[in-house]
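As written, the chain order gives the labels A, B, C, D and E, with residue 1 at the start of each chain.
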Amino acid sequence: MASEKVSTKIGMAPGSLVYVGEEGAADICVSIIQYSRDRYTETTDADLEACRQAISEDSVTWINITGVHDPDLIGRLGQMFDLHPLVLEDMLNTEGRPKLDDYDTYLFAILKMIDYDPGQNRLDHEQVSLVVRPGLVISLQEKPGDVFDPVRERIRKGKGRIRKLGADYLAYALMDMIVDQYFLAMEQIGEQIEDLQDEVIEDPGEEIVQTIHQSRSRIIFLKKAVWPVREIIHNLLRDDTDLISDDVRVYLRDVYDHAIHVSDTVESHRDILSGVLDIYLTTVSNRMNEVMKVLTVIATIFIPLTFIAGVYGMNFDYMPELSRPWAYPALWAVFLGIFAGLLVWFKRRKWL
Amino acid sequence: MASEKVSTKIGMAPGSLVYVGEEGAADICVSIIQYSRDRYTETTDADLEACRQAISEDSVTWINITGVHDPDLIGRLGQMFDLHPLVLEDMLNTEGRPKLDDYDTYLFAILKMIDYDPGQNRLDHEQVSLVVRPGLVISLQEKPGDVFDPVRERIRKGKGRIRKLGADYLAYALMDMIVDQYFLAMEQIGEQIEDLQDEVIEDPGEEIVQTIHQSRSRIIFLKKAVWPVREIIHNLLRDDTDLISDDVRVYLRDVYDHAIHVSDTVESHRDILSGVLDIYLTTVSNRMNEVMKVLTVIATIFIPLTFIAGVYGMNFDYMPELSRPWAYPALWAVFLGIFAGLLVWFKRRKWL
Amino acid sequence: MASEKVSTKIGMAPGSLVYVGEEGAADICVSIIQYSRDRYTETTDADLEACRQAISEDSVTWINITGVHDPDLIGRLGQMFDLHPLVLEDMLNTEGRPKLDDYDTYLFAILKMIDYDPGQNRLDHEQVSLVVRPGLVISLQEKPGDVFDPVRERIRKGKGRIRKLGADYLAYALMDMIVDQYFLAMEQIGEQIEDLQDEVIEDPGEEIVQTIHQSRSRIIFLKKAVWPVREIIHNLLRDDTDLISDDVRVYLRDVYDHAIHVSDTVESHRDILSGVLDIYLTTVSNRMNEVMKVLTVIATIFIPLTFIAGVYGMNFDYMPELSRPWAYPALWAVFLGIFAGLLVWFKRRKWL
Amino acid sequence: MASEKVSTKIGMAPGSLVYVGEEGAADICVSIIQYSRDRYTETTDADLEACRQAISEDSVTWINITGVHDPDLIGRLGQMFDLHPLVLEDMLNTEGRPKLDDYDTYLFAILKMIDYDPGQNRLDHEQVSLVVRPGLVISLQEKPGDVFDPVRERIRKGKGRIRKLGADYLAYALMDMIVDQYFLAMEQIGEQIEDLQDEVIEDPGEEIVQTIHQSRSRIIFLKKAVWPVREIIHNLLRDDTDLISDDVRVYLRDVYDHAIHVSDTVESHRDILSGVLDIYLTTVSNRMNEVMKVLTVIATIFIPLTFIAGVYGMNFDYMPELSRPWAYPALWAVFLGIFAGLLVWFKRRKWL
Amino acid sequence: MASEKVSTKIGMAPGSLVYVGEEGAADICVSIIQYSRDRYTETTDADLEACRQAISEDSVTWINITGVHDPDLIGRLGQMFDLHPLVLEDMLNTEGRPKLDDYDTYLFAILKMIDYDPGQNRLDHEQVSLVVRPGLVISLQEKPGDVFDPVRERIRKGKGRIRKLGADYLAYALMDMIVDQYFLAMEQIGEQIEDLQDEVIEDPGEEIVQTIHQSRSRIIFLKKAVWPVREIIHNLLRDDTDLISDDVRVYLRDVYDHAIHVSDTVESHRDILSGVLDIYLTTVSNRMNEVMKVLTVIATIFIPLTFIAGVYGMNFDYMPELSRPWAYPALWAVFLGIFAGLLVWFKRRKWL
């Protein structure tokens, strides 16, 4: 977490454009896609100014910016599209909380995209900002990635409804991609938990507590990303902003259901995890019990025997038993008697 | 859980018809029942097209489809009855969350049917989708099963209100069947918990923790199915959709009460379960205490005695006690004195 | 719990009249009380038909039925008073959840009456159904009992407001009786918890965990009965049904306060119980600590001493210490020195 | 708690005037204060009847009754001021829950006053009932006490706003006194918790669990008194009863803030307490670990040595080592070697 | 905490001006800043009376008072600006809860500023009161500090929007500063928790429980400050007071998001902390297990061997084994056999 950087901003005027996030972020890359029902143009490394003129009412323009660490670019973007200073500030502050603000003429949304890297077994997140205006969607990503590629592909091929509907549908499609990523992360956590359930029953080692803790941290991580998305879409559905058409509302309701599904599952994963921890803790207790029983059985049997042997190892001049010829075999009988008696007693107590 | 499959859909356009669920599902079977107050026809392996014409205002048509793994069939169904692409997508995605969507001219509901298989001691679930339009109910099940048979029987025999009321009542009857299955699962869990309560008091073994965990997982499982049903019916009762008549609302209220009853009971089962775990954990602690006491009593008594015996086993030339004739019996007196004294002390401490 | 029976009903048409509850219930007994401000008649083992004619606007008729296992009687009752089939079904299903349904011309309530049997130390519950219409209250109890006797007495003697107000006041009076029973049960649990608090501090035995669990189960039991009653009365107070007059609403508010009081107290009892369990668990831990300390002190002192004694019990030819006359007393000094030193060390560590 | 008495009332008509509370309560004492902006009279042991005539629109009359165990007096009070029977019943039942009822022409409130007795280290509560009508406040206390004295003093001296504002302000002033008592109790609990935090870190004894439990019980106790007060004032602020003027509403908002403050603090005290218990429990575990380590270190070192000494104490005829002159010193070298080796091993494992 | 002082106020009339807080607070310092779009004056140790005349509609006056322990000054302030007595009381009572009161012509807010002192590793809080009127902001701090300096700097330099907007924007800027401090505290807690996570996995010492407890207390502390701020701003945004312009509302929404972000993060920190405690507790259990295993292995191996050696140390006259020349080596073979056998057994049980 690079959240220390947030503190560097304290004291600055609201709307101060300071990048808050990991250093050494990748190159900034601006790509513009413009399409209408029967037209489609795509520009990479585009010139923002040129593009502005191309924006028209009867087509949808999607400006995708990868890399948000250049306050300058964001500043120009803001001027060009007349965005509120706080919007620009939030775009640069990649440690923000998912939210949706309705600025009458446009909507501004912050979302968290979950990147699960199976190679490094790491769950990371990336901030995605969306500005939605009639005919225009601006999306900002922290890092390059191909999460939105399927959407591009659908636009290119003119498949599905995407070329027929407006910017609100495009925004929905992007949000849908992001929420679908949560399913991926959730599935990964779900599998880890199922492995944990199997492992804890078979032969749990000490490191299982750390794996449980890791799963739990991931669940908390995922929950922090998903929960606000629920609110966001719920507010979008309830509000009557003109920026979202009724057709698209139906689709948003679907994303909403997905977000609820993820957070429900996350909640039940959590419950099951705490059950796994309970099993492990009782296993530890039971093992200790096992160890103690072995010690107790051995000690309880041999300590009295050793005492008796010690008695007849004493050097008193007058110990009449010592000179009896039957005494030694008799003592062995006593030894074996005690031994057998204690064994039976332990058997009865179910310690053996 | 076959939830891994959900990830295969990521990136597809919303409304893409891809089956998400277990492979090798049974054959698809379409059965159609049409009835009015005094007419009744039933067709198995029916032809969808033919049936469409038969749909009329003054009778109820129930199309039941078993097996949802054929995107083609679902696609034709959607075209025929003009269903929203998202409805079709949800029908195929059997890992969805229970929900109810109101598409003005029809209602679409997803429910989870709980199948308890006592032979395998397994709790499984199956998705049921319902489309309700005036005069028409379409129900989709994942697997063949006879849960809806009693409803069919009631229609055939013309018993009860079912032949007199419309499609909304039929939809209610199906939902009622599904919620009744929850009672069955809940009773099964309830019995398992009562057994656990008895077992934990008598002589709990280590495996009880796993049984507790299993019950808990089932409760979580059941809760995930029931909870959304509460919401669904609550929304149905609150909304003023024309698709549900007032007569049927009364019955829905009854299903609502049942759903609340199940989720209440599930909640209290859960509370009791955590109490059972507490008892088990204290039992484990108390047993360890028992073991430690036995060890401590034996060791505390014999270790000092052994020391004394050891002392008189030493080979010093000058040990005056050794030559006294009364020394040996006197030492036995000491041994017995210490033994008795410690016994009394332990008795007083209630360790024996 | 006889809840297994619920499953026997699955698949039947809603409103099917099947008795769900314990077998061998007592005889059915119908008693009818009719009263107005200055008139009063009471009939036991009454004839329902005859009684129907006696119902008039200016008097209150109270039909009390004890024993609900006769679907036939309930069926006739339903026909006579034009009750909804679901009402009849709920009357017979004694495993239902407390609820209140407003059927416009009458109210139907299900409540749970708590029977505390101090002889058997058992908390049981019984379902009470109430139908309230202008001028008529029908109450159904599972078992004979004298809980409602005080109300009868008040009607007989014409004491209080009961003879002056309508059927709604009578219904209130019956609900008040039921909620008062919760206080009794709550007091009993409260006393048990106070005993537990005393016991756990003095000398808790192992069986205390089971008593804690029993109290907890009772609390859950009571909560399941009380919680819905809160909702029921809250809804009654909020709705503007004509069936409840404003005069009676004031009294219902009072019952509502009582129900909240019970559920609040139940909640805090629960909190205290979990505190009692915490105390017990630490007591168990501390006792184990005690046991371990005794063992450790004894072993730590005598094991080294025994080793030394063992050394001088060895039979080497050349052990110069053995022939020194001062060696034996000197060794005793060493023994006592080690003994005293360890005692001091243990004292300092506060183990003694 | 004298809550057993509540059960004695079961079965009585609502509004039956029966005193529920501790026996042997103090003498009943009625004091009346009448004041307006420039007039002030005070009567102790007043005659209720006489006083009634003195009530006028342009002055405020405050009737304070200490001791509520005389149903007769309460009955006359009710008749005189036309109070609802349930109000009278609630006045006598000192085990009620705090609440506020709006009877159109007057407000009736029940509050719990917390008495902290530092001498006995006891937290007790006392019920205070308030009836507020234009120009009249009736307050009932269970026990004599001087909590309301500051209010009296302010009236006498004509200090502050109290003589200028109406009966609603007086009622506010009394409620403010009661809520201020909660602060006192909360501070006392806060100090106890701070002591506990210090103690648990330094050298916690076994009795600390009981102190934690006591603090927790007090928190639950306080919460039960405060929580309903929040609701009460919240309802007062939200409702638009004419009995509370806008001027006084501002003050009530202040009391509301105080009540929230107390309940917030109570909540965080509770959180901290459970942290204290966690520390104690780990301390107990760690101590046990300490004890076990000492035992293990001593036993692990000396048990093998004792075995070796035992071997050379055996009496076999043919044991060649015994006759070697260097054998005994060599064995001592072995003893010391094992001893030193194990010490090093334990040091490395950080057991020493 | 100096909260004991709150009790000294009990019994006083509401609005009594008594300072509640730490003694020996710093000197009181009044500074006044007046600015409009193109004018700017700053006065330190200003004369309140003089300043009042300078207040005009077309400029913003910011009166900042450091040190609130002079009831006299607060009293004069109240008279001068016609503040409600309760406002003055709350300004002096530095133990109040954050809140916002709308007095129609002005808003009054209490906030808690978190001071994190890294030198002393201490989290402290300070009360800040704000009065906001058109053209005027009065802020009161307990202690001198430079938290508001960035705002002053922005006013001086005329940077950003601050000189162009009204008093409401200034109030927002101050609240923003305070909420930004929460981020600082949260980051500090976050780092402590990350350290804890690392430490608990590597080699946790006993003191970790106290660090966990400390982090938890800080979280509770921070939560108590942040939570009410959420409510305050939420109310500000929902209410339609004229004192906040729509332009500033957008900024307040931003502060609101920050407050939610802090409280969300605090919540998840808490969750992670309890996971850290779980890991530590299992580590303690596992360590104890380790210790017990060492003891058990050593004792189980040597106790039987010692017994056998003891047997052949007995002094019976007739022990035929003693005179066999092969007996002693044979016994060694037995010793080694038992030793090896037990080692294998322990290996199989995975105790070694």
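Methods note: a residue touches a chain if its C-beta (ideal position, glycine included) is under 8 Å from a C-beta of that chain, and two chains touch if they have at least 3 such contacts.
According to UniProt, the chain labels map to these proteins: A, B, C, D, E = Magnesium transport protein CorA.
In this text the structure is predicted, and so the values were computed from the model without any measurement.
Seen as a C-alpha superposition, chain D sits on chain E after a turn of 70°, to the nearest 5. Chain centres here are Cα averages; for chain B and chain E they lie 41 Å apart. In this assembly, the C-alpha centroid of chain C lies 25 Å from the C-alpha centroid of chain D.
Looking at chain B, one finds that residues 285, 288, 292, 295, 299, 303, 306, 310, 313-315, 319 touch two or more other chains. The sequence of chains round the contact ring, opened at chain D and continued through chain E, runs D, E, A, B, C.
Those residues of chain D whose C-beta lies close enough to touch chain C in the complex are 1, 3-4, 6-7, 9-16, 84-86, 90, 96-97, 99, 101, 103, 206, 209-210, 212-213, 216-217, 220-221, 223-224, 227-228, 277, 280-281, 284-285, 287-288, 291-292, 294-295, 298-299, 302-303, 305-306, 309-310, 312-315, 319, 321-325, 327-328, 331, 335.
Residue ranges on chain E touching chain A, taken from their complex, read 149-150, 154, 159-162, 173, 176-177, 180-181, 183-184, 187, 190-191, 194, 197, 201, 250-251, 253-254, 257, 260-261, 264-265, 268, 271-272, 275-276, 278-279, 282-283, 285-286, 288-289, 292-293, 295-296, 299-300, 303-304, 306-307, 310-311, 313-319, 351.
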